[in-house]
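Below are structures written as structure tokens.
Next, two complexes with chain A in common: one pairs it with chain B, the other with chain C.
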Partner chain A sequence: MFLILSMPSIVGLCTLYILSLIACEFSHTHAIFHVIFFLVLCSSSLLRSILVQLDSMQLTLEFGGGLELLCQSSKIHNVDVKPNPGEDKLTMRDLLAWVKSNLIKERPEMFMKGDSVRPGVLVLINDCDWELCGSLDTELEEKDVVVFISTLHGG
Partner chain B sequence: MDSKEIGSGSSGADLLREIERLRSDKEELESRIHLLEAQIKPRGAAEKDKSGSCSLSSLSCPQMNGATISGLSPEMIHRYSRHLLVPDFGVEGQLKLSKSSILVVGAGGLGSPVAMYLVACGVGCLGIVDSDIVELNNLHRQIIHTEAYVGQSKVKSAASSCHAINSSVKLVEHREALQAVNALDIVSKYDIVVDATDNLPSRYMISDCCVLLDKPLVSGAALGLEGQLTVYNYNGGPCYRCLFPTPPPSAACQRCSDSGVLGVVPGVIGSLQALEAIKVASAVGEPLSGRMLLFDALSSRTRTVKIRGRSPACLICGENAAFTRENFQSFDYENFTQSPMSDKSSEKLNLIPESSRITGKEYNEIVNTGEPHVLVDVRPVHHFKIAAIPRSMNIPLSNLEGKLSTIHSALKQAAQDSGKCASLFVVCRRGNDSQRAVDYLSKNGFPSAKDIVGGLQSWSQDVDHTFPSY
Partner chain C sequence: MEEGGATAKPRRATGRLCSTCNQRKAALKRPKTLEQICRECFYSVFEDEIHNVIMDNNLFKPGERVAVAASGGKDSTVLAYVMSELNRRHNYGLDLFLLSVDEGITGYRDDSLETVKRNEIEYGLPLKVVSYKDLYGWTMDEIVKTIGLKNNCTFCGVFRRQALDRGAALLKADKLVTGHNADDIAETVLLNILRGDIARLSRCTFITTGEDGPIPRCKPFKYTYEKEIVMYAYFKKLDYFSTECIYSPNAYRGFAREFIKDLERMRPRAILDIIRSGENFRTATSTKMPEQGTCERCGYISSQKLCKACLLLEGLNRGLPKLGIGRARGTNGLNKRIEQRNLGSERTGSSIESKQCGTLDF
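Presenting the complex of A and B:
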């Protein structure tokens, strides 16, 4: 999806550049300068961010109710997650596996049981219980906020 | 308006007559007030019964006389005037509240603001159930109790504070633990239940009980710097079991007595519980059913999320639920959750052989005879900062694996200094983590490591009474 959308902008940039070359008086000394300029343009952060977005998804993950202790006491994680090779979508099942291997630093059994979260953990996708939108099969979208919260019992 | 008329065109004699008239009015009003007060007092004393009955049959409000067109007595109108002035609440809200009976389970950090606000706001009858006694380390958050009540029943203390706030509210003291055997009997006497407990089995038990008796349940929880709040079993919303059909592993159940709690956090959640209970009782607004409020004190963030509705597959409230009152009364909630119905009783681990353990007194002998040794304290760093045995070495259990060489060199140093072989001892807060540490150490090059039975708690009780307990 992103590839198609971003293609015209890349093609457009290159066309603009070539047109500007033709418009200018083409001289030998200028040519080297133009080649360097073109390389700089290619590696510019704008282009790079477009390329990164082609295959990964920006998500905000939040951990609470004590679960943050499993990921170095940090509650909010802004992450880029890539769908599995050969797939164009990212499900909650994929995300849980990703979280387990990338964010959980200790006692993974306090976060997961089987391929889902352990009992007593609420999962909220954009402030909504994941049970209401497909649990493990929920397909995530760009900029989704996923909250993992352990239920509290104290008082 | 009146004063202007009197002040402008009146003579001195007129003014004196007016004063005289007002004085006689005042006297008449005062004598009427005395009469009414005399009628209230003997009843007020009788309201504080311990029979456990919470009948409000003689209401609108039995303690009030002189009902007006609103159905509220003049005294009630005066006392609750700021409620009555809120258009969304008004007379109807106050009347419904004054006819409702609410049970607060737990007179602790959450229960304190719940009970105080419900009584202050004019609930008809408030029941408080708890078997605990007030401890000094409760007072930072359990603001209903005062120093004078340390060592006494929490329910007695809470009832006394409530009575001081509003003597016109009927209070029922249940000085016992709410358990499966007595819960149906107690809860059935009330309209609404507030879960202000501190443990997992009680939460399942109270929710099941409320489903069986069809009572709305205002549930709150707080730990550390976080709180959670929702209303169960109300208006087609879920019960606790719909949300958590399977209990979490007991290792995931943190308690205030282990993990700590900032005093204001249960205060915030408890206040919100009182608010939700008032909304349910007075049928005002949208109670937090099918939604959950999450409070993070550290970042000053609250978030209200949508949670699942009643689950058709729920074993307790679902379509084919076959959970009867008999099932309930014989259900072992502590076994179901693998955790105790108390914040205090802690597991007693027996992981390592007796030969790998010494008592606090025995360790004290070793210190006194100057026997060379190293004492490793495996508590977390923030525990170690509270208090520690002199010359003990803090290596938290979670870091033990990477610190074996540190222990080796400490033992070597102690041996060098004394010319004898140095022994290794491990201590923690209560004597469980120290066993886990000794178990690990014995398998990783320290076969003669020993732990101190009962940890610093026993040390404080049996050896050094000046050592602070926490």
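Presenting the complex of A and C:
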């Protein structure tokens, strides 16, 4: 309970800890407080990191039709993506920007045009054409599977 | 985990139902009609439309031997699958074969041929592979070694065209079907307008070409959108090869293609409209068209003394690879005028330069 309450303000705790350090300077009798404060600090930051993990979204991204060549020839990528700071939702627009800067290693113009995919690249979210779920404004959910397929390679 | 769409999160159209059956979840938006449609209904409407195109245009007669030009790419893989499916379902009575051309490009064609070989087994269609090496004595690897990376696509395109005809002749095929889709055709219409190529403009929208020649070619996917072909392959988990040719890493950048795709995003019907416009062009009767004859060396259809393939081959063999390329000056007895006229000489040729080389040409 105490941990959860104190968790949001690591900064506050740090200040407290430092203050207590100053207060109990050289007083060995209060050493126990050091230990307690330290423990509190550790566990709260641990919890916080778990929370951050919860903030980010686990997605499976699949690249096909030649697009895999742009991301080191690997078709399937399991990724954790965080929403932009200050937002609690992750949209396809955000995801595309993230993919462009994190996964695409070469020729990004083959994948993106403006802030969307290049015309001719098909997108499916959970096996559903993204044109049916809002294209760029689609909000993603945990464990979504997003597939990108280029139609631009010959046949 | 998954809640049934309609509850607290209306954020996604997961609950949208197919506009055809009104029962299942819609899986894609059809570019042709903008309908939202489920997988099952998509399969049947996709196949039915192709069946209707085949029937309306009398593409085949019962008992015909039909070679499916197979590169291992998406279009030809879906074509082979759909053709064998429709042949069975509607009793076309066709003898189907797969016909592949091995250009001799290590690391590209050898891999895609593996895909075709898997298709051969999966769809139960006999496969015939004809190679540039056997037909012309040169592989593309060797040609590129000689001429470099400029104009190599010209060689490849011209050679492939003939190779398909010769392969089809070896198979004693009555017809050759290719996987050209609506996007390809719209692109070709635009390119032919931009080039001012009247002869090709008038025939590039024909669903069957070369009917007076030995092996007519037809395009059952003439009205089929590329998006739907790829969706079909994806949903059906068809095995296709999508690596670009190593000798033309940027060949698909073509402006026409990009333009078509941009148009499609704004208004998907645009592709069909362009095809329609192409079909409705009428060439003035006073326009002089190149006369058709046969190549005096190999007998292939040509409007010149030598067909383009023989001309290119002669250049290769004589160490003059520029022969027959672009607007190169005439050398060694072949005057400039003949060469220039040779540019547009081939009968039904109309290469799609913006697509990668591996693509079969018109």
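To be clear about the criterion, the second predicted complex is superposed on the first by the 98 of 155 C-alpha atoms of A that agree within 3 Å, B and C clash if a C-alpha of one lies under 4 Å from a C-alpha of the other, contacts with A are read in each partner's own complex, and residues count from 1 in each chain.
Here is the rule we use: a residue touches a chain if its C-beta (ideal position, glycine included) is under 8 Å from a C-beta of that chain, and two chains touch if they have at least 3 such contacts.
Keep in mind that this is a model prediction, so the values were computed, not measured.
Annotation: superposed three-chain arrangement on chain A; chain B versus chain C shows a clash. Once the two complexes are laid over each other on the shared chain, residue contacts for A:Gly64 go to chain B and to chain C alike.
Of the two partner chains, chain B and chain C are each touched by A:Thr151.
When both complexes are overlaid on chain A, the residue A:Gly120 reaches chain B and chain C alike. By the touch criterion defined above, A:Glu139 reaches chain C but does not reach chain B. Legend: residue contacts after superposition of the two complexes on their common chain; A:Glu131 is shown touching both chain B and chain C.
Across the options 5-13, 293-301, 329-337 or 347-355, chain C meets chain B in a clash only at 347-355, per the superposition defined above. The contact surfaces that chain B and chain C form on chain A in the two complexes overlap at residues 64-66, 118-120, 122, 124, 127-129, 131-132, 147, 149-155. In the complex of the two chains, the chain B residues touching chain A come out as 106, 108-111, 196-200, 203, 220-224, 226-228, 243-249, 251-256, 259, 261, 266, 269-270, 292, 294, 296, 299, 303-308, 343, 398. By the touch criterion stated above, chain C contacts chain A in their complex at residues 1, 9, 11-14, 16, 25-29, 36, 71, 73-78, 179, 183, 226-227, 229-231, 234-235, 240, 242-245, 252, 257-258, 261-262, 264-265, 355-359. On the chain A side of its complex with chain B, the touching residues are 64-66, 75, 106, 109-110, 118-122, 124, 127-129, 131-132, 147, 149-155. If you check the complex, the residues on chain A that touch chain C are 64-66, 69, 118-120, 122, 124-129, 131-134, 138-139, 141, 143, 147, 149-155.
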